[in-house]
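Next come two complexes built around subunit A: one with subunit B, the other with subunit C.
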Partner chain A sequence: MNRTDWETVIGLEIHAQLTTRSKIFSGASTAFGAEPNRQACAIDVALPGTLPVLNRGAVERAIRLGLAIEAEIAERSVFARKNYFYPDLPKGYQISQYELPVVKNGAITVQVGEGEAAYEKTVRITRAHLEEDAGKSLHEDFHGMTGIDLNRAGTPLLEIVSEPDMRSAEEAVAYARALHTLVRWIGVCDGNMQEGSFRIDANVSVRPKGETRLGTRREIKNLNSFRFLQQAIDYEVRWQIETLEEGGTVQQATVLFDPERGETRVMRTKEDAHDYRYFPDPDLLPLVIDRAWIEEVRSNLPELPQALRRRLVEAHGLTPYDANLLTASKELADYYLAAVAAAGQALAKPCANWILGELAAKLNRSGIEIGESPVLPAHIAALVRRVQDGTISHAGAKKVFEALWTGEGQDVDAIIEAQGLEQVSDESALESLVDAAIAANPKSVEEFRAGKEKALNALVGQVMKASRGAANPQRVTELLRRKLTG
Partner chain B sequence: MSAERLLTSSLRELAAALAEGRTRAEALADAALERAQALQERLNAFITLTPEAARAAARAADERRRAGNVSLLSGIPLAHKDLFCTRGVRTTAASRMLAEFVPPYDAFVVERLADAGAVSIGKTNLDEFAMGSANEHSHFGPCRNPWDTSRIAGGSSGGSAAAVAAGIVPVATGTDTGGSVRQPAAMCGVTGIKPSYGRVSRYGIIAYASSLDQAGVIARSAEDCALALTAIEGFDPRDSTSLDRPSEDHAAALAAADGQLDGLRLGLPREFFAAEGLDADVRSAVEAAARTYESLGARLVEVSLPRAELAIPAYYVIAPAEASSNLARYDGVRYGYRAPDYADLDDMYRKTRAQGFGDEVKRRILVGTYVLSHGYYDAYYLQAQKLRRLIAEDYRQAFDSCDLILAPTAPTTAWRLGEKGQDPVQEYLQDIYTIGANLAGLPALSHPCGFDSAGLPIGCQLIGPYLAETRLLLAAHAFQGKTDWHRQLPPL
Partner chain C sequence: MPAIDLDRIAELARIELTPDSAAAFRADLQRVLALVDRLQAVDTTGVAPMSHPLDLPQRLREDVVTEADQRDALLALAPTAENGLYLVPQVIE
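Take a look at the complex of A and B:
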C-alpha cells in the first residue's frame, strides 16, 4: 500500500488553564512566574486536615465554554480522585471529573485550508471536565536531586476532549486553533502556550481506507505550539504507516515529541499504564448547576466567532476567508466592528481590506498587538470614507495611513490637508492637463482609437504624472474617454 | 478548687465556680495538668501535654473574665484527640509518620473551643490515624482503661475517653468514623456523642475516611456533651460537606426539659439483640436501661434493621478505600517522616511508608487499594456503596415506627490489652452496633448504663434520625437524671 491508501484518525485532548485568579480548590494565587512555592497554601501542599473547596469561578468558565460549543451542561457532575504517586502531586491523587463531566456533547465547525481548497469541518467534542493541575518537578540546579515547585499545583484546568473526528494534521491544527481562539474569545483561558496555559495531547492512529474500526492509537503528550502539533502528527502518521507497511504492529503508547529531532519517542507503553483507582471524592459534594446559573452565564456571552463569521459573510459581504481572518481573535474582530460601525456597513469591505492588508502587515512587522495599534478603528473609517468620496486616491490614503502609524498626525482630514493629498477632481482644472496629454501622445491616442483599451491607461498615467499624483484618476479617465470618443 | 472537685463537677458547676470567683481558669488548668502528669504512666492517655500554652490560655481566660463577658466554656480545661490539627503544637495522629508534624493552623473544632475560652491541656492518644477499636495501634503505645489498666480504653478516641473517665478533664474531643467516640466512651464509662454527618466541620481533622469521619465530644454527662457540642457545631465554608444551617442550642433545650420522656418511642432492633457475640452482662444492662427509659415515659417498640450484619463488610470496604487515598499524601516528600536511606524515588516511597505506618494502617491501605483496583471496583467498592444506601434505608424505615433507636454500644466490655491483636477481624466485629450510624450519617451517642461482673462499664447507645441530636441528648439527659451510672468513678 502507499500513503494514499491509509486514513489518519486524530482526536485531541486540550488542557486549557482557566483565568480564575485563585486556584480551583484553594485561595492561593494562580499568577504565573512567582518564586517557587510562594503560591502554594496549606491545601496545595496537602497538609493533613486540609480540604478542597470548589472555586465557583472555574465552574462558571466551564459553563461558558460548554455554551460556546453548544454542549450540554450537566445538571450534576462529580469530582473523582485519580490516584497515583508522583513527587509533584501533593495529595497522591489529582481531583478530576471522571464518570460525570460538567460539559458533554459539544461541537465546533472550523475552516480548514485556504482559497479554493478551503472547506468546513465539524469536530465533535465528547466532553470537557474540570480538574486541578499538578506542580512541577525541577531537575536542573539541584545536583542529582529533584526540586518541587507547587505554585502550579491546584491551578484550574478544563480538559476538552474531542472525538477522533480529524483526518489530517491540517484539520487537527485548524481545530486546535479554533478552540484556542474560542477560549480566549470568551475569556476562559489566556491561551498563553509558552506558559502552558493551552496544552495539546494528540491521539493519532491510522487505518486502511474503508476500514471502520479504529487503528491502535499512540498519544502524543504536551504539545505547546501549533507548529509542533503539525510536525508531531506528520511524523507520527509517517512512522505508523511505515511500521505497518513493513509488517510491524503499532503498540498503544504515550509518546513525547522532540522538536529538535522532529521525532516522537515512547514515554510509556500500555503495560506500565497506571491503575488510577478512580473513585468519587468524598470531600466534595456533587457539583449541581441550576438552569438559572446557566442562563445567567449565557446572557453574558459575547457573539461567538462562528456566528460573527456568518454575519460578516452574509451582511458585510466579506469572503469566508477574510471573515475567518478577522475572527482570529476577539480583539481583531472588535477592532474591525468598531471601524465598520464608524464607516458604515457599506464600507465594510474596504475596512476589512485595510485591516487585513496594510494594518496587519505593519502590526506583524513591528510585533505590536492590535490593542496597541496607533492607528485606531476611527482612523480606518475616516480613511475609507475619504477614498470613497474621492477626496484622496488609494496612493494618498497610504500616505495618510503612514502618518497615522508614525504618529505624525492624529486626524485624517488634517493629514490630507497638511500633505496636500486632496485629489483634483474639478473638470476645468483637469481639462488643460488632459488636453496636453492628448497632444503629447498621438501614438497612444491612435492605439486607443484603434480599439486598444490599455492605451488609455498610458494617457491617464501621463495626466497623473503631470498633476504630481493630485489628479483624481477616475475623473481623468472619464474626461479622456469623453474627449477621445466624442 | 481542688483536683477532687474537678473530677466530679459538671461543666455548669465549674462554670459557676469560675463565675463566682471560687476558682480561676489557671487553677483548673494546673489541676488538670497535674492529674494528667500523675496518671500518664499508668494510662498513657496523652501523646502531648502543653502546660505552657495551657497556662497562657488559662490566664487569658481569667483576664477576659475580669474584663466582662465570657462564655460558659471559658476557662474550662479540655483535651483534643491528637487527630485535630493544633497550630504550633505537634499533631501526630499517633503515627510515626507525623511524630514531628507541627501544623500551621487549628482545626475548626479547636478554633471554636479556643474562641469559647476553653483551655486545651494537650493532645490525647488514639489508634494510628483513628484506625482501631482499642487504642492499641498507637505509635506512642496503647492507652489503658482507667477502670482496669490491664485493659483497653477502646478506640480510636481512647485517650479522650480515658482522660475524661480519669477526671483529668471534664470534656475532650474525639472523632467517630465507625464508633470511635461511642465505643471508647462505653468502655471507659463516660458519655460521647457523634453528631450527624456534616454537623461539625472536618476542617483540620486528619482524614481517615472522609465520608464517615465526624467530630464529636466525650464528657461525663449528656448535659456536658450538649454544652460542648453546641460550641463546635455550625457551618464552615472550608469543609464542602459542612451543613449550611445554624447550630442548635442543645444545652438550652436540656435546661428547659422536665426530665420526662412521655410518648418517646424507643426502637430496639431485633437483629442487634440477637447478634452472636453479645455479652450476657451487656445485654441485661442495656435491657435494664430500656426499662429505665420506659419508667421515664418512653414506649419500647421492636424494630428491624435487616441488613445490620452487612454494615461491617460495607464499612471495611468503604473506609479502607477512602483511607488508601487519604493517606497517599504521606510520601516523605514535603513533611512528615522520611526514611533515612533510599536508593531512588520509588525506594524512598516504599521505605518511608513501610517504616512510617503501623501494621493496622498498612492493612487498611492494602485492602483499600485492592477494592479500588481495576477489575475489583465494581465487585467491592460499588457493591459496598449500594449496601450503604440499603443500610441507610433500613434506618429510615425503622424511624417510621420509632423516634430513637436503643442498642448496645459494643457487644462486650473492655478486653485485655493484646487479647485481639492477632486477629483483626475480631476487633472489626466490635464495631457492629456503631458502624450503621456512620454509614447512614446519623447522630448517635453512648452513655453508661451499668457494669459487668468484672466491674467494667457498659455503654447504652441511642441512634437518632438525621439532625436529631437534641432528641438524643434530651433522652440521655433524662436517663442520667434518674440513674447515677455516669457518676461512678474508676478506682484510680
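Take a look at the complex of A and C:
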C-alpha cells in the first residue's frame, strides 16, 4: 500500500472569562483570589427559590466581541439549561445558550509564520455564546470527601467556537493568539491563562489528503497555554496517523493533555458521553438586543488590531511582520503610536525599530511590562529625531537609551550634553580633519580618483578615528567627496 | 409507542428505582410520551418556536456588586462544611 499523505483538521472552542465586576446572573463579586465561598451568594449556590437576572455588562461584552469579529449579533437569543450532575455545579445544570446564541457567523484573519513563509489565514467563527462558569472541586483529602469552592460559579464566560478551518498546530496557535490579543484589546477578557481566564479545547482529526469528509475527531480539553496547545495537537496528530496507518480506527473521545509526559489520554469515550438534555431555561426570558444598543457599542470600539496592522503597513511603511509584532497587545500598539505621534510619521520606521529592538530586548530580559517601561514614547521620539538630524550617531543613541533605561537621565538632550555625545557636524571644525586625512593618505585619494568608491570609506574611517568617533560620518563623507571631486 | 430505557433515564436523573416504583414510573412516562405524540401531530408550519410562554424580553441588571458575603450563613445550611468549603462525597471523574 502507498503511504498516505494526511491532512490535519482542527477547530477550537475557547472559553473567555468576561471582565464584569459581578456575576452573570447574580450580584456577587467576580474578583479573583477571594477566600473560598466568600463570593458565592444564594443564587450561585442554587438555594431553592432564587432566580437568575442577566448582567447587562456580560451582554455588552458579547456584543463587543461579536462586532470585533464581524459577526451577526442576534436580535433575539435564548438561554438553555445544560443538564449534568457534578458537585461544582450546584443547580444540576449550567445556564448556557444552545440553539440561539448571541453571536454567530464571524471570522478573524490571522498571520501565520514568519518572514518569507508567512501567510494570512481566515478562520471562521461559528458562534459565541454566553454561559456561566462552574465552581471548583478540591480533591485534597478532607476525610475522604471533596471540598467545593463556589466563588467561580456564575462567573460569565463567552464560549467562542470556530469552524474546523485550521490545518496545522501552527495555524491553531496563531488563531488562538490572535483571539487572545483581540479579547484583551477590546477589554472583554483579561486573558490571564494561569488563572483560567482563557481556556482552550481543541477538536482534532486527520484525513487522507483530498478527502472532503471529516475524520473522527478527539477533543483535547482545557489547554491553558499556547505551548501546551501546540504540543497537544502535535502529539494527537502523530497518534491518530500512526493508529490509522497501523490499520486501527480512531474512536470519538474526550482526552486530556498531560504536560509532564507530553501525551494525551482518554477521559471519556463516545459511549459514556454526557446527554445534556438542553432545553430553554424557563427562568430566563429571551435576550433581545436592539440596533441602537449595537450601534452604541460599535461607536465605543477602539481601532482593531487588524485595521491598525493594515494602517501600519500602508501609511507607516512597516513590514507586515513588524506591524504584526507591534499589534500583539493594545499597550504595545499604543506605545508605538504615541512615539510616532511625537516623532512624526516620517520617522515611524526608526521608532518601530527601537521599540521592537532595543526596548523589547530590555523589557524581555528584565520581565517588565511595556506599561512600566522607564523609557517613555516621548523618549523614543526624541532619540529618533536626534539621530535623524545628525546630532548623535546610532552608537551615541544607544548610550542615551541606556541612560534613559537606568534612570540616569530623563531628558534626551540633557543626556547628550552630559555625556558629550554630540557629533561634530560643523564644517569648519571638520575641514581641518578632512584635509589632514587627504594629505596623509595619498594612495586612497589616488584610488578614489581612479574610480574606486570603496577608497572613500577608508578616508572617512581616518577622519572618524582622528575625531575619536565624534565626527558626523555623513558630513565627513560629503566634505571628502566635495574636496576630492571638486 | 417508543421503547423507554428506564434505567438510562433514572441514571441521568440520579434517581434510584425500586422494582415497584419502576413499573409506576414506566406507566407515567408512557402517558407523558403519549401527550408529546399528540403535540407532535399538530401542524406547526410557519409557527416560530416558543422558548418562553411570556412574550417579553429579558430584563437586565446593571453590572454592580450587590451581594454581601454570606458565607457562614450559607455554609451552615450544608450537611458538611469545613475551612470555608462545602464537603461532598468524593468525586473523581
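By our rule, the second predicted complex is superposed on the first by the 449 of 486 C-alpha atoms of A that agree within 3 Å, B and C clash if a C-alpha of one lies under 4 Å from a C-alpha of the other, contacts with A are read in each partner's own complex, and residues count from 1 in each chain.
As a working rule, a contact is a pair of C-beta atoms (placed from the backbone, for glycine too) under 8 Å apart; a residue touches a chain by one contact, two chains touch by 3 or more.
These figures come from a predicted structure and were not determined experimentally.
Undergrad: Tell me which partner touches more residues of subunit A in the superposed arrangement, subunit B or subunit C.
TA: Between subunit B and subunit C, C touches the greater number of residues in subunit A.
Undergrad: Looking at the overlay, does A:429 come into contact with subunit B only (first), subunit C only (second), both, or neither?
TA: neither
Undergrad: Looking at A:139 after the superposition, I want to know if it touches subunit B, subunit C, both of them or none. Which is it: first, second, both, neither?
TA: Second partner only, subunit C.
Undergrad: So in the superposed three-chain picture, is A:93 touching just subunit B, just subunit C, both, or none of them (first/second/both/neither)?
TA: A:93: touches subunit B, not subunit C.
Undergrad: Answer with first, second, both or neither: which of subunit B and subunit C does A:48 touch in the superposed model?
TA: First partner only.
Undergrad: With both complexes overlaid on chain A, does A:418 touch subunit B (first), subunit C (second), both or neither?
TA: Neither subunit B nor subunit C is touched by A:418.
Undergrad: After lining up the shared chain so the two structures overlap, which partner does A:368 touch, if you call subunit B first and subunit C second: first, second, both or neither?
TA: So A:368 meets neither subunit B nor subunit C here.
Undergrad: Contact-wise, after the overlay, does A:147 reach subunit B, subunit C, both or neither (first, second, both, neither)?
TA: A:147 sits against subunit C, while subunit B stays out of touch.
Undergrad: Examine A:21 and indicate which partner it touches, taking first as subunit B and second as subunit C; both and neither are also allowed.
TA: second
Undergrad: After overlaying the two complexes on chain A, where does the subunit B footprint on subunit A coincide with the subunit C footprint?
TA: 42, 45, 47, 53-54, 83, 85, 87, 146, 148, 275, 277, 282, 284-285
Undergrad: Which positions of subunit A touch subunit B when the two form their complex?
TA: 42, 45-54, 81, 83, 85, 87, 90-93, 146, 148, 275, 277-279, 282-285
Undergrad: So in the complex, which bits of subunit C are touching subunit A?
TA: By the definition above, subunit C touches subunit A via 12, 14, 51-52, 54, 56-67, 69-71, 74-75, 77, 80, 82-93.
Undergrad: Please give the residue numbers of subunit A that touch subunit C in the complex, ascending.
TA: Contact set of subunit A toward subunit C: 20-22, 26-29, 35-43, 45, 47, 53-59, 78-79, 83, 85-87, 100, 137-139, 142-150, 267-268, 275, 277, 280, 282, 284-288.
Undergrad: Enumerate the contact residues on subunit B facing subunit A in the complex.
TA: On the subunit B side, the touching residues are 84-85, 91, 93, 98, 101, 103-105, 107, 202-207, 209-211, 237-241, 321-322, 324-325, 327-329, 331, 333-335, 345, 349, 369, 372-374, 377, 381.
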